[in-house]
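Each of the two complexes below includes subunit A, the first together with subunit B, the second together with subunit C.
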Partner chain A sequence: MEHWSLASKASAPDSDPQPPSVGARLASDPKVVCAGGFIVILIVLAVGAPLIAPQDPLAQNLLMATVPPAGFAGSEPGFLLGTDGLGRDVLSRVIFGSRVSLTVAFVAAGLACLIGSVLGLMAGYLGYVVDMLISWLVDVWMSFPPVLLSILLIAVIGTGLHSVIAAIVIIDWTRFCRVVRTETRSQAQMDYVVAARTIGFSRPAILFREIFPNVVPVLIALLTLEMGIAVVVEAILSFVGLSVSSDTPTWGGMIAEGRQIVHEAWWVLAAPLAALFATVVAFNQLGDGLARSLDPVLRR
Partner chain B sequence: MLLAVIVNRAAMALVTLAGVAVIVFVLLRVVPGDPVAMMISPGAGPADIAALKAHYGLDAPLLTQFWIWINGVVTGDFGTSITLHVYVTDVLASRLPATIELALMALFVAVVLGGSIAVVGTLLRRTPGEAAIDGLNSILLAVPDFIWALALVLLFAVAIPVLPLTGRIDPALAKGFHTRFYLAESILTGRFAVAGNILSHMTMPTLALALPLAAVIVRLLKQSLKEAMVQDYVLLARIKGFRELRLVLQEALRNAVGPTLALTGVQFTFLVGGTVIVERIFAYPGIGNLAIDAVINRDFPLIQGLVLLFGLIFILINIAVDLMVASLNPRLRHA
Partner chain C sequence: MTGARLAIEALSAVSLRDGNRPILRRVALDVGTGEVHGLVGESGAGKSTIAKAILGIIPSQVRVTGGRIGFEGRDLLSLSPGELRAVLGRDIALVPQDPSTALNPSRRIDVQMTDGLRLKRGLSGKDARLRARALLEEVQIRDPERVLNSYPHQLSGGMRQRVLIAAAFGLEPKLVIADEPTTALDVTVQKQILRLIRALQERHGTSVLFVSHDLGVVAKICDRMTVLYMGKVVEQGATAEVLDAPRHPYTRALLAANPRYDRPDAGLEPTPPDIIAALRAEIAAFDAGIAGSRDG
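The block that comes next holds the complex of A and B.
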């Protein structure tokens, strides 16, 4: 069988004037461009942190403690966003902190997406007993409020980056599963699937080569939104000291330190909080924009 | 019909709670990490450890432990907190009122704030004002309570230091209460200065919890209102010469509020979940703050009690929502 897909043919109508391609539509959405641009910059900062950060994020200098940001009385050259209570450069710590945030965003959201999608595809396409079982599991899972579940999970598996990622995956795979199942079910009714079955494609071939590509758009938007959630969850767990150990700079950890000395050095709280805010909003706006550009129903 | 809904829901709630109880118990027993290790002093010998385990019943077989625990739960005895050395029931009872007052206050603020903005947005529809509300709201929808809380700290505790940063009430005023519902009691007994002090402590945590919910309400309610505004009955009212505000409030709102109510109920459970971190940030003495301490200290009896309590609260909220939606839906009410 050649590498052609009935789905792609079916989705390219030749009657209407050619609609703009997905890429062009995305590029013309200011939301997507701004939010996407921000996240690309953030990824560059995280990957290149050792080269980009002006200072060592862990280097303490008690003589330089709580130096205000540039532009405020008492600021020091070389500390653009000031220093924290131990004299560490806030800007460098924010830059290094993006590493943990993005790692959690991509790994946790990615794994939740993977597990949720596989189960969702199975439930949606195989139907019957498999569907009943998986759907029941999702219902039970979702009746457990996320806060409760995360409290329990962290109590059970302990603290650390792996636990944070595990907790997010264990809690949030259901979001993907539910959406993918619904989407798969509706795709499975479409003519192109019937056609593929008539030609004699095998079930896995239909599922992964025909149906899955049509579920991907919804999935990408959902994945982006989930990354925003994961970043917040990591920050919260770092804030209460249940995430990575305190010698790794994290936004949540910085926020917790800044919260303690907020009256003496507000910038220690403000800088990581601004970074967290911008990242969360960016992931959200990107997810919204993607959903609107990629979803054939919302697009109209 | 309503009665059937209640009975059905109560039965399901019991099953769910029982499931939660079993899962919590099993999960907490299979974990590595010995709760007794947290309590012993450095000089304790094996005999002391054994005595301590016997004291808390941790030496019995798992099934026996579960039987003892579940018997206790049914009679309202959740055991003794390992770190606080008091009955779990007592800790929960002393902390719960603070959280109830905070959550209800936040719900109230969210509904009033979200509702008003949705109505204003509907009045301004197809104007730059509506576009501004939509644009701002799409950003606010992304901001969780955690970020709100800390932004409020920067604003009202540092930039404009008008609000107290931590606690529930000025310690000097926290006397002479008969209940733990400080706010309700001080208002009912006419101690308005005390009530004012409590409200000033509650302002920031309340706003942090209310704003995300308000954003959700704005989006959904405004959508429903706009749909209702083009219905025939609104047109008829407009022909009768009613003013626009009255059209929105009296005609459209009544028919548009259903979906928003249902969603607000579901979202209220998220708000209650949010109290965990928001109470932490403001050192507010509720059950959320307690939950984080319990996890950090691996205080198993307390964690079990808290999880069941949260589970019960979520179930009660869901039942209340179902009842409200059912009683608002004429087809269900009269069936």
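The block that comes next holds the complex of A and C.
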């Protein structure tokens, strides 16, 4: 008798409603929804740029140069954000410029994340010698000034989209490596990892089944932040003309052009600057929101 | 008593960090087939070190300096890491101390339970899930599907410990190491968990090495017991005999330290200093004896 009454007492407190799932938590976080929504819109614009952009971003028309945006005196229909010094449509150029920015954001941050994570997991889990070698490499690597390193690198391998991506990956993998190494090391001490060892799981099984899933939340957050950084780095490199060739619209290139005519046509500078600013803020906020929502310890 | 399933002989270990301070002093103990053996002692007595030595998870600052951990005729200490991995999870399983940290927070219960069944028992994913469900029912969880679909933080401590017990016994090991499995639970849940371990152990004929600092818990569940002090076996025997007629003054002191429900004014006595002094002298003589026999 007593036995069953006790059993029911113990299981009763567990029948409360289940806490919301990860998906529901993400959907209820305004940061994740707003920033994520912005990024999704940006991706749609970038992918569908030829269909969405109202004008050819490269079409010049010197008779229509420095037309102000809609709503200002002298604006022309069809040029919502006005035109630049060569009469090209600023809105179309901003939309096409997002292609380079997002490509760099996803590819460069993704590759840096991949390389950094693999080395970080190795350093954190394969023992003292591997850890020492990789950590030493990271320390030496991080002691180079990043901007000089990227300019030097591009001077050696030449300009272009590939070079920009390579420069970001080569500089920023260390960021991932450090964080993943630290996380892996602290995870390896956890009781559930020790418990997995006592079931006799192999080391790779423990690394990928027990440790890695707990590193993923911080990795996703870091990846998103890195995308914001990559967008800025690409803009800097195109500003100084070290990115893609100048006939491809980029936000950095547009900022450089707009800077020269800012007194006659401020919108040529303002539009790409706003796009850059909003994108970086969105990536940072998304990373912040994801870090909170995905953390298994905080997920209560 | 049928033959011993686990036979620890003269197990010695030292702490490397602490000037080679001995942690285990020629510990010998047997756990028979189907026996629950209590391993009792205060913090730092070496209980957990013994459990860890069996499971091959000795921390790096501890070194085993001698002895043998016989399990079914093989010395676990002399197995290669691969050989030990084959034994662990199939023949030996652990019920950990703290259910709040022993489950992986980012993996669902079903995945964590079926991992062992698939890798160690060779079950298919579907069979493993059915088995996990049946195991949860066996530990009296009323809505096993909901528990299987939960993350650890969605379950109470008692529920998590049931899951861990189900997972350990579900592998059908010959020996279960229970490392203070009730210490982190509140008292009402404790009692059920003890009953559960005992019931599962009897049903499957499992041997259990039950590590605890709580004599009350040991009295309820263990057939035989070993009392450790500073890594030395102080007293060993059938639980009823040891508790009813303790021969060693330290065991008597431990019993006196237990709260008494019938006499609230008694109990909770610290170990008297003269007994500690006598124990230390005994251990010093024991160490000298070992050193002497080694030299001679």
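We take it that the second predicted complex is superposed on the first by the 276 of 300 C-alpha atoms of A that agree within 3 Å, B and C clash if a C-alpha of one lies under 4 Å from a C-alpha of the other, contacts with A are read in each partner's own complex, and residues count from 1 in each chain.
Keep in mind that, in the parts below, a contact is a pair of C-beta atoms (placed from the backbone, for glycine too) under 8 Å apart; a residue touches a chain by one contact, two chains touch by 3 or more.
What you are looking at is a predicted structure, and each value in this text was computed from that prediction instead of being measured.
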{"item": "Touched partner set for A:A59, first subunit B, second subunit C, both or neither", "value": "neither"}
{"item": "Touched partner set for A:R259, first subunit B, second subunit C, both or neither", "value": "first"}
{"item": "First, second, both or neither for A:V240, with subunit B first and subunit C second", "value": "first"}
{"item": "First (subunit B), second (subunit C), both or neither touched by A:V44", "value": "neither"}
{"item": "Which superposed partner A:P146 touches (first subunit B, second subunit C, both, neither)", "value": "first"}
{"item": "Contacts of A:Y192 with subunit B and subunit C, given as first, second, both or neither", "value": "second"}
{"item": "Partner chain(s) touched by A:V216 [first = subunit B, second = subunit C, both, neither]", "value": "second"}
{"item": "Touch list for subunit B against partner subunit A, complex", "value": "16, 19-20, 24, 27-28, 30-33, 138-139, 141-144, 146-147, 150-151, 153-154, 157-159, 165, 269-270, 273-274, 276-277, 280-281, 291-292, 294-296, 298, 303, 306-307, 310-311, 314"}
{"item": "Contact set on subunit A toward subunit B in their complex", "value": "140, 143-148, 151-152, 154-158, 228, 232, 235-236, 239-242, 255, 259, 262-263, 266, 269-270, 273, 276-277, 280-281, 283-285, 288"}
{"item": "In the complex, subunit A residues that touch subunit C", "value": "3, 6-11, 13-15, 18-19, 190-192, 194-202, 205, 209-210, 213-214, 216-217, 296-297, 299-300"}
{"item": "Subunit C - residues contacting subunit A, complex", "value": "55-57, 84-90, 92-94, 96, 98, 101-107, 115-116, 119-120, 140-143, 146-147, 150-151, 153-156, 158-159, 171, 177, 188-189, 191-192, 195"}
